[in-house]
Structures are given as C-alpha cells and as structure tokens.
Amino acid sequence: GEVEVLHWWTSGGEAKAASALKATLQAKGHSWKDFAVAGGGGDSAMTVLKSRVVSGNAPAAAQIKGPSLQEWAAEGVLANIDDVAKAEKWDSVLPPVVANVMKYKGNYIAAPVNVHRVNWLWANPEVFKKAGAKVPTTWDEFFVSAEALKKAGIIPVAHGGQPWQDFTTFESVALGVGGTDFYKKALVQLDQATLKSATMDKVLETFRKVKGYTDKNAPGRDWNLATAMVIKGEAGMQLMGDWAKGEFIAAGKVPGKDFTCAAAPGTAKAFTFNVDSFAMFKLKNEANVKAQKDLAAAIMSTDFQEVFNLNKGSIPVRLNMDLAKFDDCAKLSSKDFVDTAKSASLVPSVAHGMAVPSAAAGAIQDAVSQFWNSDKMSVADAKAKIASAAMTK
Amino acid sequence: MGALSIRNVRKTYSGDIHILKGIDLEIEKGEFLILVGPSGCGKSTLLSMIAGLDSPTSGTIHIGERDVTHELPKNRDIAMVFQSYALYPNMNVAENIAFGLEMRKVPKAEREKAVARVAKMLQIEHLLERKPGALSGGQRQRVAMGRALARDPALFLFDEPLSNLDAKLRVEMRAEIKQLHQRTKTTTVYVTHDQVEAMTLGDRIAVMQGGVVQQFGTPDDIYSRPATVFVAEFIGSPAMNMLRGTAAAGGVSVGGTLLATHAEHQAAAPAGRKVIYGLRPEKISFAASGLAGEITMLEPTGPETYVSVKTAAGAVVVRLAGHVAEQVGDTVHLSWSTDAVHLFDGETEKRLGR
Amino acid sequence: MGALSIRNVRKTYSGDIHILKGIDLEIEKGEFLILVGPSGCGKSTLLSMIAGLDSPTSGTIHIGERDVTHELPKNRDIAMVFQSYALYPNMNVAENIAFGLEMRKVPKAEREKAVARVAKMLQIEHLLERKPGALSGGQRQRVAMGRALARDPALFLFDEPLSNLDAKLRVEMRAEIKQLHQRTKTTTVYVTHDQVEAMTLGDRIAVMQGGVVQQFGTPDDIYSRPATVFVAEFIGSPAMNMLRGTAAAGGVSVGGTLLATHAEHQAAAPAGRKVIYGLRPEKISFAASGLAGEITMLEPTGPETYVSVKTAAGAVVVRLAGHVAEQVGDTVHLSWSTDAVHLFDGETEKRLGR
Amino acid sequence: MSTPSAAARLDHWLPRLVLAPSFVLSFLFIYGLIAWNGYLSVSASRLLPNYEFVGLQQYEILFQSERWMVALKNLGIFSVLFIGIGMALGLLLAILLDQKIRAEGLLRTIYLYPMALSFIVTGTAWKWILNPGLGLEHLMQQWGFENFRFDWLVDPDMAIYTVVIAGVWQSSGFVMALFLAGLRGIDDSIIKAAQIDGATLPQIYWRIIIPSMRPVFFSTLMVLAHIAIKSFDLVMALTAGGPGFATDVPATFMYTHAFTRGQIGLGAASATVMLATVAAIVVPYLYSELRSQRR
Amino acid sequence: MKNVHRFIIFGLLGVFALFFLLPFYVMLVTSLKDMGEIRGGSLLALPAGLNFEAWGKAWSSACTGTDCNGLQPFFWNSMAMIIPAVAISTTLGALNGYVLTKWRFKGSELLFSFMLFGVFMPLQVVLLPMSQILGWVGLSDSIWGLITVHVLMGLASTTLFFRNYYIGLPDELIKAAMLDGAGFFRIFVRIVLPLSTPILVVTLIWQFTNIWNDFLFGVVFSGADSKPITVGLNNLANTSSSVKEYNVDMAAAMIAALPTLLVYVVAGKYFVRGLTAGAVKG
C-alpha cells in the first residue's frame, strides 16, 4: 500500500529522521508519498491538511499534536489504531499522560514520535565564569546571576521576541514560580480561580522582571539567533526547548563543556513536554490501511525512536529505552521524563499546543505576549486578560 | 430604389445634443455624391453612420436593397478614408494598404499588385516600407486614401481626403479619383471643403447645415440656383455679396439706392417685401458708370484680385481677373447684369423666382 | 539681422535620409513668411526645428539676436499650431486654450478674457466645455489655432492651420489672421497649401522642394516671376502650361508650331536652345484666330471653367471666367499676349530673361 | 426594420461570448465564495466548516477582541502609507527612468527585483537589516554615528511602519513598471505641444501626462489597495504580527484564527467585516471611476 | 544646466537603487558565507571568499522533506505550472480588456466592476471551498487544479491592466479595421495586440511573479509531486525547530528568483515608446 504522510520535518536532521521512517516503511514493501510543509510550527501544514480533508483527500497520516488530536477526532475523520497499539503494548511503554493525549474516547488515534522538553535553561559557562556568576536553579538565583552578567556587560538573557517564545518563557516561569499544581490548574485545566490567584501576580511579576534582562533588540528575533548569542558569548543564557541543543552542536560546541543544559529555574523536578505525534486518518483503500498500520507500528518501534531522536535532539517517548548513544543533556532529560512521569509532575507544554485547545492557547498567548511587549500594562490587567482569554472556546 | 438611401436619420449625443436632425438622401448606383457644409455640421457623423461605425438614434440606411442600419461594418463592403486618417501604427505603408485586401482573402500576388498600383497613383512608392510615424501629414493622408483605393468596394466614403495636400498634388489626385470613378462607377460619398473638388467631382451635391440638408442637387444647381441664402453664401469664394433691402418698383432698394432686378424677380417679390439681393463677386465688373464706391481693400491672389468696395448699398466684394490698376481709396463704378442677380426672401431666406 | 534666421540647416534621419539639405532663410521682425512646397518636402520638419522640438543635424537657428539652436522650446517664446493638432485630450477646449497662458503665469482673469476672445474669433464659444474627443475635425483644428492665438509670442508658427475648415470659415479665419497680424505685427511662419492664403497673407513666400528652398520672394515675385519650372508649376491652379520646345527666330518652336515670345525672351534664348514655354491658364483666352485645338475636357467650377485643349503644341489648359458655350470636341483658337509668357531653360529649368 | 442575419447576430454576441467564461467563473467563485464565507461567519464552525447556525455570535466575539481592533487600525495606517508612498515612489522612478537614461534596463531590473524574491526569505534579510542590533543601526553606530537610532522593528508603536518600508520596497518597482508602460503609451505630439506652450518638464508631467494616465492610476490604485488589504506574507515574514500582536492585520488575523486556532467561524466573520469595509470605500470609487472613463 | 539636471536624475536613481539593493546585498553575501561566518560575523561584511557551496546545496542536495534533492524538482514543477497559467490568464485578460473598451455593451462596465471588487476577497477565504470544488471536479492535488485557481484569481487584475491600457488606444483604429473587413479576433490579433507590448510586459511581470511566488495556493492545491518551488523554499527556510542554514536559505531564495529576474530583463526590453505614433490626428 501507499502512505502519504503530511509533516513539517523538512530540513537537516529532521528530514534525515523522517527518511529513517520512510526507509522502514519501504522495507515493508509500502510506498511513501512525502507531503512536507514547513513553517510556523506546522501552521501551514494544518492549513493544507484542512483543505485536503475538505476535498475528501486526506493523507494517511499527519503530524498533529496535543488536544488538536481530540478536535480532529471529534470531526470524525481519524482512524482507530487500537489493534496496533495492543499488539505493540503501547499502554505499558508510554507514560499515561502521554498516552491519554493519543486517545480519543479510549481509542488510540495517533502514534507519538518523540518528547521535547521545553523547560530548559541553556547557558554559556565561560561567560558565567567571567561574570563570576553561577547557573541558577531558582528564580532568585536567576536574578542574581542576571545582575552579575549585566554588570559584566553581557546580555543576561537571550530572547527572541516572537509570541511563541514569549509564551515559552512564560510557561517556564509559571512552572518555576507556581509549581506543578499551579501550572496544571492554571494552564492545563484553565481554572479561573487559579488564574486570578495571587500566585499569578507573582508569576507575572517575575516574568516581567525577566524581560528586564533581555536586550531591546529582541522583538522579532528568531530563536536560533538568540541561541547564537549564547554561543558567541554575547548573552549568558536562554530559556528554550531542547531543540536549541542542535544549534550548539552544529556550531561545534560540546555539551557540559562549552554549554550547559539545566532545567529552567525552579523546575528541576518538573518536565513540560512537547510530544510530536502522527494522527491516522480514515482511508478507503484496504492496502493503504495496512500500510498505515505498519506506519503506526514503525513509529513506536525502538529502532525508529532511537534514530529519530538522535537526529532531532529530543528523547524517545518510550520509557525504558537504551540511551547509550544519546548525549548528556538527552540523558538528563530522559531521566527527568521517567521520574516526573512517576511523580505526576510531567506536564504538557501550553506554549507548544500540548495542554489546551488551540483557540484558548492562542488567546492566552496573545495576552501573554501583549503583556511582555507593553511595559505600560499592569499586572492586574494582564491577569484579567489571561483569565478571560482562557475562556475562549 | 437607389444604391444608397438615407431615410430620416437622426443622431443625438447624450440625450440633448442633436447632431443630425432628420437627413434624407438617396443616390443612384454609380453616383458621386458630394457632402459639403460648415465645420461641425455633422458630415463625418453621417459618414460614420453609413459605414456602420456609429448607429443612428433613429432612421434607416439602405445600401442597394438591403437595410444595413444594424449591419456590422465589415458586412457592408465599404471603403472609407477617415478625416483623422486612422492608420495602423504598427504596420508599414504597404501593409496598411494591403490589410483590407488581406482580410478579404485576396491572394498575395494580387495584393501586391494593388499596393503597387495605388502607391503609384498616390506617389508614395518610396514610402512603402515606412511606418506612419515617419511620414509627413500629407503622406499620411495619402496612405489613408491608398487604403480605401486599393479595394473595390460597393461604396466609397471619403472624408476630406485631400485637405492636407499641396495644390498641385491635389489637382492630380482629384483627376485620379475622377478617372477611377469613371472607370469603376463605384457609388461614392465625398466630403470636401474645396469648391473646385465639389464642383468638378460631384454628380450631385448635398449642402448640410446644422444637421439638416439645405439643398441637394447638381453642382450647377447649387452654384447657379442656390435654394437659400446659406447655400448661396457657402458655395463660392469670395462669398456672394448679400445686400438686404426692400423690393421696389423696378428693383430692390438697398440703403436708399435702387438696384435693378430682372422682370421675373420683380414679379416674384411685390414692392415693399423685405428681400436680399445676392450678387456673386465674379459677376461684377468695373465700368464707367454704375454703382459708385470706394476701394477699401485689394487682395491679389495671382490669377485674380479681390476688391472690396464700399458703396451706398453696402460693402461689396468684386473678383476681377489679373491685376487691377486701381488703388485703395480710388472711386470705381460697379456694373452687372440683372441675369446675375439672386433674390431671396428677407425673412425665410429662401430663393425667390427664377 | 532679422527676427528669425535659419542658417544652413540640415536634417538627416537614420543616417541617410536627408530631409533638409541646407535651408537658409531670414525674415525681419513683423514679417509674415509663407512656406509652401509639395507634401513631404520638409515644411513641418523645419517648423519643428524652429520651435525647438527637434534639433537640426547641422546649422543654426537665431531668433532675434539669440542663437536658439540648442535652446529648450519653452525658452523660445513661440506659439505653434500643429498639423496634427496635438490637443490635450484630458482638458476641455477652454483649458486647452488657456494652458499656454497659465504656464506663463498669466493671471486667471486675463486668461479667461483671452479664451473668450479667441473663442469668439474662431467661432467655438459653444464648445468651450467639451473635450477634444467630442469635436469634429474642423473644430479640433480651430482649438489648435486658439491655443496659439491666445498667446502673444515672439514668433507664430502655423502648420496648415485652416486645411480642415470650410471655404467660408477659411475666408473668415484668414481675415482674422491678417487683422491680428496687422495689429500685433508678430513675426509669423505659416505653412499652407492654399494659394489664396499664400498670396494674400504672406509678406514673403519660400517655396521648398526636396529639402531645398527653390525661391524666396514676395507673393508677386513668386507668381509673376517664378524662378524655376518647379515654382511656376507649383503655384497657380490649374498649373502653368509648360510646353517644351526649341528657341527659334521670333519665338519657340513646339512640336513644329511656332509660339511667339517677347523680344527680351528672344534675346535671352538664342535660337536652337532647348527651352520651356510657360503659360498660365488664366492668361489664355478663346479668340477668332490663334493656336487651334480641340476641347478634350470641360470643368466648370462655378465662377470659372477649366478647359483642356489639345493643340499641335501639346495639351493646354485654359481657365475662363463663367460658363463656356463650347462643347467637348469643338475646335477653338487660343490667344495670349507675349507678355504672359514665361520662358525657362530646357536643361536647368531656370527662368530665362525678363 | 429588418432582422439581422445569423452571421451578424453571431458577431453581435461574440464580444459577450468572449467575456462570458471569465465573468461566469469569476462570479461563481468570487461571489459564491463570499456568500459561503458569509454563511460560515454565522455558523459554529471551528476546526472544519460546519453549518450549525449561531447568529451573530462570531461578530460579537470579533468586536470584543482587542487584537481585531489593532488589526483594523494597522490596516488603516498601512494602507494609507503603503499606497501613498508606493504610488509616489513608483511614479517618481518611472518618470526618472523615462528621461532617456542610459542604464534604463539595469535600473529597471533593480527596482523590479524585489517582486521576484519570495518573502519567505526576504523577510529574514529585512529582519536583520531592521534589527537595531544587527542591521542599519548597528552599522551606522560602528561607522561612528553613535546617536543613530533606527529601532522601529522592535518598538510596538513603530513596527507597523517597518512593514510599510518593506512593502514599499517590494511593490514600488511594479508600480514603476505600470506607470512606465503608461508613460510609454502617451502620444509624443501632445508633449511637444506642451513644450511649446512653455511648460517645464515637471509641469508637463504634472499637468499633461499624469492626468492623461488616469486609467493607469486606477490600475495602480487597485493593485496596491488589494496588496495592502491582502498583505499577509509581508507581515508574517517580517514581524509575524509582533511584537505581541502590534503589527497584526486583518489578513493575518483571519488566517491565524481560521487555520491555526481552529476558529473558522470567527475567521469568516473577520473576512466578512473586512470585505464590507473595503466595499464601503472601493465601490463608490469604482463606480465613479468607471463612469468618468467612459469616452 | 542640462548636466545639472542629468546629475540630479542620476543621483536620485542611484540612491533608490541602493535602497532597493540593500536586502539583495545582504542575501548575496550571506549566501556566500559559511555558517560559522554567519554566526560570528557582521551582517554586512563581505564573505571571506567566494563560496558557492550553499548554492550547490540549495539547488541539488538540501533536504525539503524526506527527499534531499534540493530545489531542483520543485523548480521544474513550477515551470510546468507557470507557463500555462500565465499564458491563459494573460490571454483572457487581454481579450476581456479588449471587449470592455472596444466592444462595449450595455452593462459591461457593471460586470467589470463586480469582477474587480472580487480582487479584494482575502485569499484565505478561497482555500477550503475551492479544495472542495476541485475535489468534486476531480482536479484536486493536481497541477491543473493549481493552474485553474491561479487563472481564476489572476483574471481580475489582468483584465484591469489591459482594459485601462486599451482605453487609450484610438477607437478609430478599430473602426478602420472593421471597415477593412476584419472581424473581432482579427482586429485583436492584427491591430490591438501589436500595440500592447508595454502592458503585456507589465501583465507578464505581474502574473509571472505572483504565480511563481505564490505559496498558499501552491501548497494547498498541488499534489505531492507537483509542488511548486515556493513550497520547496519554504521547507528549506521555514523550519522552526531545527538548525537553520541561512546561507542555503538565501541561495535558495535567489535561485528561486532567477526565472522571474530573467523575465524582467527580457520582457523589460519591450517597454517601448511611440507605438501609436502617426495613428490618428487630433
């Protein structure tokens, strides 16, 4: 059969990773029709997907993640792949939080690919040494270090002023300042009381304080340029997901030596995950359905999980995998993933569309980003805006 | 039924500008109709309507037996010379001339022959490769002519086709047109401002004014028996002298002077009636006696001289052959035959008698 | 030094098309120069050069004391009527006329007065609000005139400004131009194909042919003493009869017939020399005796009739006043005075004697 | 009156027949889609279109949205400046190029090339140039102009103007081409007449040439206006609506909500409002322009 | 005096040329640098050497999905699409403009204004319904579907351009040709088209550029193996969570722009003056 796969892994390591999947499928005698559309974290791909579905021409699988899976499933266009999941024992190898995201009304409708950790802090140790500061583990320490870096004439925090980056930073601050429970209540369950609580004030104040340590040229900057600032030593640290690691490595830097990966301040015991997954669409052709199921199985296979995540910089979604080939940061990440899964402090990333439906996430992002960018807006205003945004349906 | 009949044709622009106010004209096959009239009287508009480039607000146009009022131009088999030339700027002269033939599927060899023929006739052989932009005014006009003459249509329409040519060329072209017409006997409508063209080319002349045909007749009719003051003044250069007066016994009293008239005129206009006494400048001569006057201006044109004379009956222009010995300021006596007099009603300006 | 001097001006297109081949003209302040010549001889080109719209390939142009050969048009203070009208399509008639004044910062009130004045003069008062697209050919031409006449320039250039007007209007316009010139005494260059215009308006006439000035003189000079066969044939309508023959005792022998000449002519052309015997049609009359011939064509134009006569000496055209009683085919005798004869060299075609 | 022949009748209908396919298709699609979109705007559509009627609810949400108001305001600022500057610059360039310039071909291509480049990548280059830390400001300061400031891109109040700059940069070359084509179509002889009338070169352009290019202005205005209203790539590539949503415009608003956030109903409502706004401005203009151009 | 004028004109033209060229310069030098230089160096600095690696990679080996053949395949897809799309929309636009100016009929202006208003419809509105329609008529995911959409969306503009140019052509020419016996199409082909070069060039530039650079329609309506170059370029340049290779992006952008530039250079020659010289007087 033939599988047409809509994804947005298009360049460099990602593309190689996707090729691995293609090779696996081809080995099973299926043909692979590649439908890659990059851009905006999959915005364009979603547009294409919608029109393909509307024209009655859905692909076999499409890269969809988080609550969107549920939304798509609710439209009745996704296929049930429980038989594959059962055969491959997905329930036992996946942490329940992740598995739940992959299910609609108890049935698997998607196969997860990888896990990104979002709450990372990347730092340039050399710069820290020069400024006599240490890589912070709490927000208080963070500001102390930032002050020191600033005195040394270094931009303390490298930031790219795009709404999703603002939101990513916000999410890490919320997790670090408010803790896991607060995070879940406020940003996953969208509990109005929590969103209006005093903790929220603190989160917003801290968030604004972070901005004070970014440079004024941040707005519009791509995340990787911010990373480059850390690499070059122009800036001291960056709050960003683990994809940032790729930039360091591409620049020839060695983890642990030339750069440090640490959990974002106050979040060492927590893990905001961003899981990529493939939703499986209902198909008419039998042969293609078979190919589709093979695809689902292949995605979750240990071989693929290893190859893919080595290329992508993320970690396998399967628990209990051999991580010998992975670097230190990945190992740390994986360890935290397993630990937090047990301690229930594994939380979905709201900034990356893992926690709440896109409409609400988008509205909250608007409010957060507006607060970040407008120094005139009061904390109370921002809090009210975020709370009302959370009610968007 | 004629070759071309125009019946009660009217044309109105934007609701209230009436250009043609009911034109009726009928000409026979092979006839050469001249249209004359003051600038802006609607001549070009009428030609456009005959060609089908514009449609009448009301009325019909027949070519032969056919009602063509709503027929497309290309189905009317008409060739036209536009007053504004309308040359195809992207084609050279030869292509411009051959285009009409090509559209009618005339074979190449014949087209080339036709182009050569008209180019010779119009003296533009050396220009065949040029684009219209690189031609002089008169050359453009000849190309416009060539485009029509290359064809052999059922009807020719010419809109002032010779106006930009020098006198010599114009005479030659006029002769060519005349010959062509005599040879092919193609029905033709020809607009001109040149009296010589009008008189020598036309079988019949229609004089238009203000969207109305004032007189429709042979050249001789028009010249010798103008139906109205307008026609009389319009044809002939310098224009006919018009002296307003009152019919009296034996003639017309103008400003106290009695000017003699023919017996027939006397009969037509009873004494006391307001009349206009018309006299062509070329019919007047200097004599020993007659109406006395003072010369106010002398205009020698070469073969003749126009003399303006101030008389008791009003200003009179006299056209005399050759040079004139008299000077401005001299007193002269004017004489003419009563046969030469045209008489018009003072109110209606219509011709009286004879 | 004159008001306008054109010195050895040449114009060549694309390297080898020589349009003007060394023009020298000089006119005084207030003079009215008429340019005539066959279509395509370079009249408009010369005007363009005077106006500064085109620059000569070589030679200089002075206006007054100033060498303006490389001066911009707007600094030459010239008003021009274009042969192709070149009206501004986006402006109405009034705006077209006022534009030149506006550019010269004439106050609004004065502009309006000027527009009213020329509109009246050109009889286009009722058209002032129209755009050029809604005008007839003659109306456009008058607007083009109006644009020039509204101004008070150092030099007027007119390129066939009356060609599309009816005879009556043309006479009136001619008179207006003449009056205007008499009043303002503005130096003027005027291209025309109309002999009457040329003869009555011009102080001097330049006859051009093939990019060369053939004769430059007063109207009377040009008409009565044409310097070359070309000029003689070009001016006058119908053209001068030209009979090629050989000088003989007492006259010129043409096809075996001896035509008498004046004594001075006999002196200028020794017997045996190839000469051309020129005779204007209007100088010939029918007589009881004289050169015999048969009438081949009669063309009545109204005031006169053109008669073509086949004689032993060749075809001769005669221009007679009024109607002619004779018919085609009749034999007539032609007579003329030896004073009327023009004699030209048979080779150089230059005027001989007198 | 006679009845025209069959051939004549065909000739009579031919122009309409030629126009028919274009018009029928345009109508079906344009107005069909506008109607469809109108319906969606009163439906409960979220991720995919559905047809559950919810009244004007989407419009209420829309007009309570601060972001939409910002988008509308930005569209106003952007359109006016973009169209105004784009026209002026395009016309200026066309006129300059019309002066028998030797390097015309090269310069024309230079002015046009921004059109050729997809904003997918040009946006990056512009972001760098406009970024105070990387681009112009940085450079000028390095060259010793310490006080040189050019930080609009990162200033929420000014960022929309950088979008104008990039938009003008991209489009004025095409405007130039449109005007140049218009200029080249003008009859030389009326220019000559104006020279004789004593007009200076600027006056000739201003009084004679430009007024007779009215249809070209009309084309240009329509083109620029629709680029302005639909500008999407430009904003996405340069600022992606940021900082915050300071440079959001209706097109990005609509796209984001309809496609990224699964709020098709809201997106449709925004498209309808946008069209209605445009109609209020454009339709009277279209009407008067087409009337007056009729000859 | 004249020289001063020239100097000012050239000065202005030069300044604008610099403004227009600045981004191009940045893109060009970036495409010639390697990533190290880009990360470390100044934006406007010249590259250390001429390094065309990025260009090669962009053309033939960069990954744009699971395939790593660079832009090459997309390039040819775009070519196959653009030629019919531009040809059809330009032809229709020219014919429409011709009818709307020289063969007016009652209501033609009204029809046109309706059509024109359509250009203001946001493109995004088109996407979903159009895919549904293309699905119904069996053109979804095909190059012809894409061509159809481009033609439809371009019609209003091309019609506008031609109409507004043809308005200036003297009606007399059409009349003369009618009398010469030419019919509707022959007048168009023999008289009108030869006088249209400047506007043909403009329309060509507009349509070619818009279609060539369109991303949204290209990505939505094309099939998996008929994706146009912008999709390739987007896939190269627009990744958000992986290492960016700016040099390759810039080189790719320039490669993608080459055909358009070529059109500008070639077509630009036909911006000629005086096409209607000598046509009519008035």
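Chains: A, B, C, D and E, in written order; residue numbering restarts at 1 for each.
In this section, contacts are C-beta pairs under 8 Å (C-beta built on N, C-alpha and C of every residue); 3 or more make two chains touch, one makes a residue touch a chain.
Everything numeric here is computed off the predicted structure, so don't read it as measured data.
Peer 1: If you apply the touch rule, which chains end up adjacent to both chain A and chain E?
Peer 2: Both-contact set = D.
Peer 1: Could you tell me the least number of steps, going only between chains that touch, from chain A to chain B?
Peer 2: 2
Peer 1: What chain pair has the highest count of contacting C-beta pairs?
Peer 2: D-E
Peer 1: With chain centres defined as C-alpha means, what is the inter-centre distance between chain C and chain E in Å?
Peer 2: 56
Peer 1: Averaging over Cα atoms per chain, report the distance between chain D and chain E in Å.
Peer 2: 15
Peer 1: What residues in chain C touch two or more of the other chains?
Peer 2: Correct list: 83-84, 87, 133, 137.
Peer 1: Quick one: which residues in chain A touch 2 or more of the other chains?
Peer 2: 40, 47, 50, 54, 222
Peer 1: Indicate the residues of chain D shared as contacts by at least two other chains.
Peer 2: Answer for chain D, listing residues that touch two or more other chains: 11, 49, 124, 134, 187, 212, 255, 259, 295.
Peer 1: Write out the stretch or stretches of chain D touching chain C in their complex.
Peer 2: Residue positions touching the partner: 187, 189-190, 192-200, 203, 207-208, 211-212, 214, 295.
Peer 1: In the complex formed with chain E, which residues of chain D make contact?
Peer 2: Of all residues in chain D, those touching chain E are 11, 14-16, 18-19, 21-23, 25-27, 29-34, 36-37, 49, 89, 92-93, 96-97, 99, 101, 105, 107-122, 124-126, 128-129, 134-135, 138-139, 142, 169, 173-174, 177-178, 180-182, 184-185, 187-188, 212, 215-216, 218-219, 222-223, 225-226, 229-230, 232-233, 250-251, 254-255, 258-259, 264, 267-268, 271, 274-275, 278-279, 282-283, 286-287, 290-291, 293-295.
Peer 1: Where on chain C is chain D touching in the complex?
Peer 2: So the residues of chain C touching chain D come out as 48, 51-53, 72-74, 77-80, 82, 84, 86-91, 99-100, 103-104, 133, 147.
Peer 1: Under the stated contact criterion, what part of chain E meets chain D in this complex?
Peer 2: Residue list for chain E touching chain D: 9-10, 12-13, 16-17, 19-24, 26-27, 30, 42-44, 92, 95-96, 99-100, 103, 105, 108-109, 111-130, 152, 155-157, 159-161, 163-165, 167-168, 171, 183-184, 198-199, 201-202, 205-206, 209, 212-213, 215-216, 230, 233-234, 237-238, 246, 249-250, 252-254, 256-257, 260-261, 264-265, 268-269, 271-277.
Peer 1: Could you pull out which chain C residues touch chain B in their complex?
Peer 2: Chain C reaches chain B through residues 13, 36-40, 42-45, 83-84, 134-139, 141-142, 159-160, 163-171, 193-196, 199-200, 219-220, 223, 233-239, 280-283, 299-304, 306, 319, 321-322.
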